[in-house]
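Consider the two complexes below, in which chain A is the common component and chain B and chain C are the respective partners.
After this line comes the complex of A and B, so read on.
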């Protein structure tokens, strides 16, 4: 018996080993390294590598106004993306739950951007959002609205990126909501109807509260997803105009690979690491406590 | 999808066979019109970009900003020749394809092995190791990209496809697959593996001969997710690849620019259409599997 267990354990370690070794080299190693780098003045171009203690952190917190702007922009991006994304997905899910001819086509269209690469999607949106000659502005001109130069105007660039992102990923959340809606017990709606609830009451007093756990889960998913916006920023605005779309993930690239300040960029990456960790912990505790999704 | 006659027949009786009379019919038709109006409005932002992407690929550059024309003046095909002349686009396409296929194969192999071990084999520390490997799920690539760059640079792997194939295997892409496979293997009844084990089949034999053939559907979901993830990578090739011949599709799409760095729109949009449309076709064919796979990974990711 003991021998069997020992064999089993040996097989276990052997089977896990390849992924584990790769994890140590490509994930854990770099995470440790990024902390080490953050205490160094490194430069990709000159090859400089000097230990500077907390100097990068002091620079970040005291000398770099762009860091605070970046954090602010990241918050604005998330604060815009989350409510828009959740509400749009919920509306689309409720609409496409109805039975009507062509509902399948409708769902397919909604999900299509999810499988499209972010690069392709961002390129097309940049095209649509060109100044006066862009398709969106020409469409607006027909109804007498003179649209701004969306991506070159600091007051609209962020909004443009947010909207393109919301549309790109809405389909995913629609499918999550649809699964949750179809799991709702019909009897409760029947009961509510018999008790005299009208459509609006049924929706706001019964359906929405019952979907609350899913709404919470999707909210967290969209929040975490809001960090993954590098492709859109890189292709649509490159952090501009006037740094109005400079968000943390892009600022790391900007400092590290445009200005070659890989030491300082590592300090910024540490901040991103901490934010990701906090979000992941939130997600795990919420999932454990409130909601368990099974396909 | 279901826009065929059969569906139409199902919809019709509700108009005619209702006892409520003409007034009710009118209200019903009106509500249908409102419904479809709302639907069209809601679908617009999703459909509109695809429409422009495809239609612009049939327009010469001079016509590209005649934005009120829903259709090109005539279907110009020159772009489809020029994208291949502008830069080695076919090669970029091939690069993306073979990198995604190789990386996917490697991911499935390594991660189903460890997924199986975590599900079925008892060994000390297995839970801790599992949680550790899964922590890769929450790590944006931007956190580790700088040390990874130095690592690859010191190994001489800059301007090779090696980082694009190997790095994602152990990041988010691999962690999702490990999780997916483990969740499936847990559900396989123990009785299926006990008899062969008594007959002397080793753990690897059980994994290859019994478990993997059972796991066909979960494996195909994992393949879809992994392939798409790798196919769409942008930051990694941007950092690791500078040689034009080694570009992948996302880099290539971003590279249809004039000497001032401004996009050559007709070519860029044509290339984008050529890159996106095959994936969309695959999606329409395997819609359910792809949606389920993506939702699964989103919820666990």
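After this line comes the complex of A and C, so read on.
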């Protein structure tokens, strides 16, 4: 008996081995390496690698005002992206769940941006948002509104990047929501109706609580995804204007690959890691409180 | 039991991975008998590559110890990242192209090989000293400029005649080709055609370069060789104010964020490097080239420069240096001159260079390109260039906005730059 169990266990380990080895080499190894690098003065160009203890952390906290700005920008980006992204995806999922003429076309339009290359997407948005010549401002001009220079004005640049990113990725979350909505048991809605619930109550008191696990999962996905934003920033604003869209990942790239300070870049990456970890932990602990029904 | 073994295995693997990532990269490799050279460049143009391959074939024929030469094309935008990453992964290229902005930082980091003794074997005195100077430190030479490209004005002659104004070439012939006069002409083009008259260097990709063409005509520099920040000198302020007025008062120049393009026929003129002439091969409008407009300091010359360098992390440093010297000897540089403005005096005066460019006539080469090269100042360089750029960005974003106080912003920029430039 024992032998059989052992053999089974061995087979199981073998099955997970490819994934595990990949994870160790390409995920865990680099994460550990980043921690090690963060205590070194490393330069990619000169090949220098000197242990400096906490000097990089001291520099980050005491001497680098841009660090605080990038943290703030990252939080603003996340705070703008997550609610917009989740609500938009939920609304689109509810609409496209209904059976109306052209629903297939509607779903395709929602999903098309997801399979579009991020680079092409960002470049097209740059054209749409360029000053008074951009399509968006020309449409606004038709109704008598003089639009701002979206990507050049520090007060609108971040918003522009957020919106372009929300629209790009909404389709993926719509699919997740659609799957969850179609799995909701009809009989509960029937029971609620019999008990006299109106449409509003049905939505807020029954549907939303039952979708809570999915909403939470999508929120976590969008939040963690938002911390990694790089392509849209690089292609649309390059961190400008006036560093208003310089987010942490883009700043890490600047330090690592423009200035070749891989040691300091690693220190910043450790901060990013800690922020992601804290967010994920918070969300999982909230999970217990919002789960109204779990199998 | 099994779980414990498994866990132990995992820990070992983790430690191995960490070691692999954290290990240094300076371990010397045993000298190989036959050398395989890798050469990085940012051109993927088949005509360029064919020429470079034939140079490599000639080199391998004369030195049987060189087994292969591989040309690796890396896009310009990620060039520096890629070659530095390859070098830190013990996979350094042996030689390659390098642009002027990176030259200083690379020389100071000690990652370029001194080519002097290899170049001495190929008539070193033939190199034009002014063109070579950026890449020299005392007697040492860390790069051979293979492309010294003057910034010139390209213009759409059809749009100038549609607006009823003289072209830059005509103004140049009358001795009226100055920024002040260009401003008037540009305003007329804007009024009569509704199109932009000029597009300068890109605000996003090359923000410091934006200021250079106008400032050079006024005798101003962003910083000088002695480590002084001069971006707020009276001449610089005059020059930038003029360009600012063209941009926002006259609205005759393509503003930041606007993607109107000269080569697509949307804009009447642009300042760029002569290598862009190839993009005009198939346009259906008349075009011409002229020198940059002059100013109180006379006729400015602005040159962009790329060099061929050998990297000190090469496995075959001596071969790499020798290959660079061979590639830039008189014969090969003459062949390269059909694409790239050369740095050897003998080639500069040669017929291949003057009459060999498929897009620009010999007369224009002799009257515009060669004098612009000789008068030219290389674009601003600094070992802290990337840092200066990041620091400048918020100020430049505020500068290039309608109603900006040019003097005040340039003063603030100078204050922010001073500690970095002086360092």
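In this section, the second predicted complex is superposed on the first by the 242 of 295 C-alpha atoms of A that agree within 3 Å, B and C clash if a C-alpha of one lies under 4 Å from a C-alpha of the other, contacts with A are read in each partner's own complex, and residues count from 1 in each chain.
What we mean here is this: a residue touches a chain if its C-beta (ideal position, glycine included) is under 8 Å from a C-beta of that chain, and two chains touch if they have at least 3 such contacts.
Nothing here was measured: the structure is a model prediction, and the numbers come from that model.
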For A:228, is the partner it touches chain B (first), chain C (second), both, or none of the two (neither)? first
For A:87, select first, second, both or neither according to whether it touches chain B, chain C, the two together, or no partner. neither
Kindly classify A:127 by the partners it touches after superposition: chain B alone (first), chain C alone (second), both, or neither? both
For the three-chain arrangement built by superposition, which of chain B and chain C touches the greater number of chain A residues? B
Can A:61 be said to touch chain B (first), chain C (second), both, or neither? neither
Touching A:273, do we find chain B (first), chain C (second), both, or neither? first
With the two structures laid over each other on chain A, which partner does A:188 touch: chain B (first), chain C (second), both, or neither? neither
Contacts for A:242 in the overlay, against chain B (first) and chain C (second): which applies, first, second, both or neither? second
Could you tell me if A:45 is touching chain B, chain C, both of them or neither one (first, second, both, neither)? second
Is A:79 contacted by the first partner chain B, the second partner chain C, both or neither? neither
Footprint overlap on chain A, comparing chain B with chain C: 9-10, 13, 20, 25, 28-30, 33, 37, 126-127, 130, 133, 257
In the complex of these two chains, what residues of chain C are touching chain A? 2, 6, 10, 13-14, 17-18, 20-22, 24-26, 80-81, 84-85, 87-88, 105-106, 109-111, 204, 255-260, 313, 386-387, 390, 393-394, 397-398, 401
Please name which positions on chain A make contact with chain B in the complex. 5, 7-13, 15-16, 18-20, 22-23, 25-31, 33-34, 37, 91-92, 95, 98, 100-106, 108-121, 123-128, 130, 133-135, 137-139, 142, 163, 167, 170-172, 175-176, 179, 217, 221, 224, 227-228, 230-231, 234-235, 249, 252-253, 256-257, 262, 265-266, 269, 272-273, 276-277, 279-280, 283, 293, 295
Which part of chain B faces chain A closely enough to touch in the complex? 1-3, 7-8, 11, 32, 35-36, 38-39, 42-43, 45-50, 52-53, 56, 65, 67-68, 110-111, 113-114, 116-118, 121-124, 126, 129, 132-133, 135-140, 142-151, 166-167, 169-171, 174, 178, 202-204, 207, 228, 231-232, 234-235, 238-239, 249-250, 253-254, 263, 265, 268-269, 272, 275-276, 279-280, 283-284, 287, 290-292, 294-296, 298-299
Counting only contacts in the complex, chain A reaches chain C at residues 6, 9-10, 13, 20-21, 24-25, 28-30, 32-33, 36-37, 43-47, 49, 66, 126-127, 130-131, 133, 149, 151-152, 154, 238-243, 254, 257-260
